[in-house]
C-alpha cells in the first residue's frame, strides 16, 4: 500500500437513513471512503440497502444522520456551486438499460445531457464530445441520430456509459451495471469498464451481488447485510479470507462451472 | 431489490413487426369523418345558404330545391342551422379541451410532484371535482354569468380538467419512477427542464389520445347543455337546441331532429376513431419492446 | 421410455420471423436436460410450446410428443388435461406467476383439489405438506399470506410447490433462479435437485447460466437464434466445447469465474 494521505473523493461517515414512517433504518451507521483510483464494490443481496447507499452517494437522498463528504467538504444539496462540481465529478450507470434511456430522445441528445445541463457546452460544441464518447464505448458513428429502441440491451448499456463518462467524471457509480445482460455481453461491458478505469483513471463504485464481476473490477469491497456494513477491505482479502460468516455464505453460494 | 429482468444480448433485436395498414385505416376514417364537420364549421364562417335569422322560407317546409333539408317551425333554413351548429360544436370541443389541457396538465404535474399531505389534499380535490355533476357546475356558472357558449365551455372544461389532471398525475408519476429521470438529475438537469424535456414528451402520446376522447365528450356535453337551454343563446343554432326544438314536430318533420343527431354521432365517432388511431401510432409500447 | 420427444419444432411469428428453427430433442422419464441460451435464443418459447402456451399468432410446425400426446395442433381441452399431469412449469418471475389477490394456500389448494380430489381438512393438510416439501418455514403462516407478503425466494418455493402438487412427470423450470439473490439461488437449486430426485421426475431446465444449469442437469443443449448448436454432457461441453458459440459462452463464464479465483488466491 502506498502511504499517501489523500482526501477521499467521496466519504460516508456514520451515515444512517430512515424513511419516514418506517421502523428500522434502511442503512445504519455506514462509514465508507471512495479513494481516487481504488474502485469500491458494495456487495449485498435484496434489502441490504445497496440502492439507498448509492442514492446517498449520488446526492439524491439526504442522510437522517451522519454526513456525506465530497472532496473533504460536507455535501450540501443547497450549495449550487458545490453541486455543480459534484455532478461533474460523479456520474452514474443504472441496472436496467431499458429504463435508463429516455425513449423519446435521440441517442445524441441523451449522451449530451450532462454537458448541456451542467452548462459546459452548447448543442454545437457538445456534438464532437458526444461522438467521441460514443466511439470510445464502441458504438457506430451514426448511433447519435438513432433512438434507444433501435439498440439491444448491451448497446444501451454502452450508451448509458457514454452519457456517464462524456463530461470526464472522476467517479462512476454503477448500480448492477451488467446483471441484466447475457454472459457474453456481460464480459464485453466489464472489459469496457476496466478499460475506462485504466485509460481515464476513472474510479468505480459498483453496487453488485455478482462477486465475479466485483472481483474483475474493484480493488476494495464492502459487504452489506440489512443496512449494515459487516465487512470491508481489499477485495483480495475479503473474498480470499472472509472474516464474516455472511461473506463466506455469499462466496459459497456462487454457482461454479463443473471442474 | 430482486432483479426482474430478462437478460439481454449485444445483438440488436429484430424490430417488432408493425401492422401499419389497419392502423392508418382507423386514423384516416376518423380524420375524414371529423374533417367533414370541421370543414362545414369553417365554411359557415364565411358562407351559409341563408342568414341564420332568415325566416323567409315558411314554416316546416320539406326538403327541396330552395332548402336542402327544409326549414324549422320558425321558417329558418335547417342546413344553415346545421352549419352554424357544427361551428358551435367544434368551438365547444376545442375550447373545453384547451381549458382541460392547460388546467389539467398543470394540476396533474403539480399533483404528481406533491408529497405527503399536499398529495392527499390535491387527490381529494380532484376526486370531488370529478364527482361533481357537470350539469350542476354549468348551472352554477350560468347563474353567475349568463347562458352563453362561453359558460358552457367553461363548465365542461373545468369538469374535464379534473379527469385530465388525474390521468396526467398517474402518467407523470410513472415517468418519474424511470431511471432516465434519475440520470437527468445526476446530470445536473433542473426540475423544470426535466419536466419539459423528459416528462412531457413521454406522457404526450397518451395525453393526446385522452384529449381527443375528451373532445368527443365535450361535444356531447355541450349538446346536452344547450338542449337544456344552458348553452349558446338564440339565434345561434346549436345541435342540442335544434334537437330540442325539433322534438315537438319529430313525427311530421323528422329531418329537423335527425340531421343534427346524425352529425353529432358522426363527429363523436370521428374523433374517437382519431383517438384510437393515434393511440396505435403513438403508443411507445409498440415502439420499444422488451426482448 | 421417451417422455418428451420434440422433432423438427419450428416456431414463426405472424409476419414470418423464425424464432425456433427445426429443433429436435428428447427427454426420457426421470432424465434431466438443460436448455442453455442467451436472450432471443428461443429457449423460453420452446418450453411454452411444450405446454401449448404459445401466444396467439405464432405458427408451430413439427411435432411435440409429451407422454404420448401430440401437443402441436392439439385442442385446448386436450391440453388442459396434459398440463399439470404430464408437465408443469416454474417461471422466472414468481411475483407475476402467482395471483396477487389470492392467498398462497388457496393457490396451492386449487391444483391439489382438482387433481387429487381432496376436500376440507384433508386438503388443508395436503397444502401444509406441499409447503413443507419445499422447505418453507411456518407453512401455516405462509398459506395464509398473500404473495406480496412473502419474500422472492419464498414465492419461488410456492411456485415450485404448485408445480409439484400435481406430481407431473416432467418439471419445466424457466430461469427459476434468475430473479433471486445468490444465496437464495443456491438453496433453490439444491431444493429442485433433491425434490426431483426423490420423485424420479424428468426436468427441462432453462437458463442462460452454464454454472446454474450444471448444478441440476447432466445433459445440456445449447441454443442460439432458435437453433440447436451443440448437445452433450455438461462436463464434456464445459471442458471441450466443439462449436464456436459454445466456446464463447464457456469462455465468458470461465473468465468471470477466474477473476474470482485470481482475486481470492492473491
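Which chain is which? They are A, B and C, in the order written, and residues in each are numbered from 1.
Note that in this section a contact is a pair of C-beta atoms (placed from the backbone, for glycine too) under 8 Å apart; a residue touches a chain by one contact, two chains touch by 3 or more.
The structure displayed is predicted, hence computed values, not measured ones.
Student: Keeping to the contact definition above, tell me which chains border both subunit B and subunit C.
Tutor: Chains that touch both subunit B and subunit C, as defined above, are A.
Student: Tell me which has more C-beta contacts between its two chains, A-B or A-C.
Tutor: A-B
Student: Between subunit B and subunit C, what distance separates the C-alpha centroids? Give it in angstrom.
Tutor: 49
Student: Subunit A to subunit B: how many Å between their CA centres?
Tutor: 46
Student: Calculate how many whole Å lie between the centre of subunit A and the centre of subunit C, each centre taken as the average of the chain's C-alpha atoms.
Tutor: About 33 Å separates the centre of subunit A from that of subunit C.
Student: So which stretches of subunit A touch two or more other chains?
Tutor: If we look for residues of subunit A contacting two or more partner chains, we find 46, 153, 182-185.
Student: Residue numbers in subunit B touching 2 or more other chains?
Tutor: In subunit B, the residues touching two or more other chains are 2-3, 6-9, 11, 13, 291.
Student: Residues of subunit C that contact two or more other chains, please.
Tutor: Within subunit C, the residues that touch at least two other chains are 38-39, 152, 181, 208.
Student: What residues of subunit A sit close enough to touch subunit C in their complex?
Tutor: It is residues 45-46, 153, 182-187, 190, 209-213, 215-216, 235-236, 239-240, 249-258 of subunit A that touch subunit C.
Student: Considering only the defined contacts, which subunit A positions touch subunit B in the complex?
Tutor: 46-47, 50-51, 58-60, 83-84, 87-88, 90-92, 94-105, 110, 113-114, 117-118, 147-155, 160, 163, 176, 179-185, 188
Student: Spell out the part of subunit B that touches subunit A in their complex, as residue ranges.
Tutor: It comes out as residues 1-3, 5-13, 15, 178-180, 182-190, 193, 197-198, 201-202, 204, 284, 287-291.
Student: Can you tell me which positions in subunit C touch subunit A when the two form their complex?
Tutor: Per the stated touch rule, the residues are 38-39, 151-152, 181-186, 189, 208-212, 214-215, 234-235, 238, 248-250, 252-257, 259-260, 262-266.
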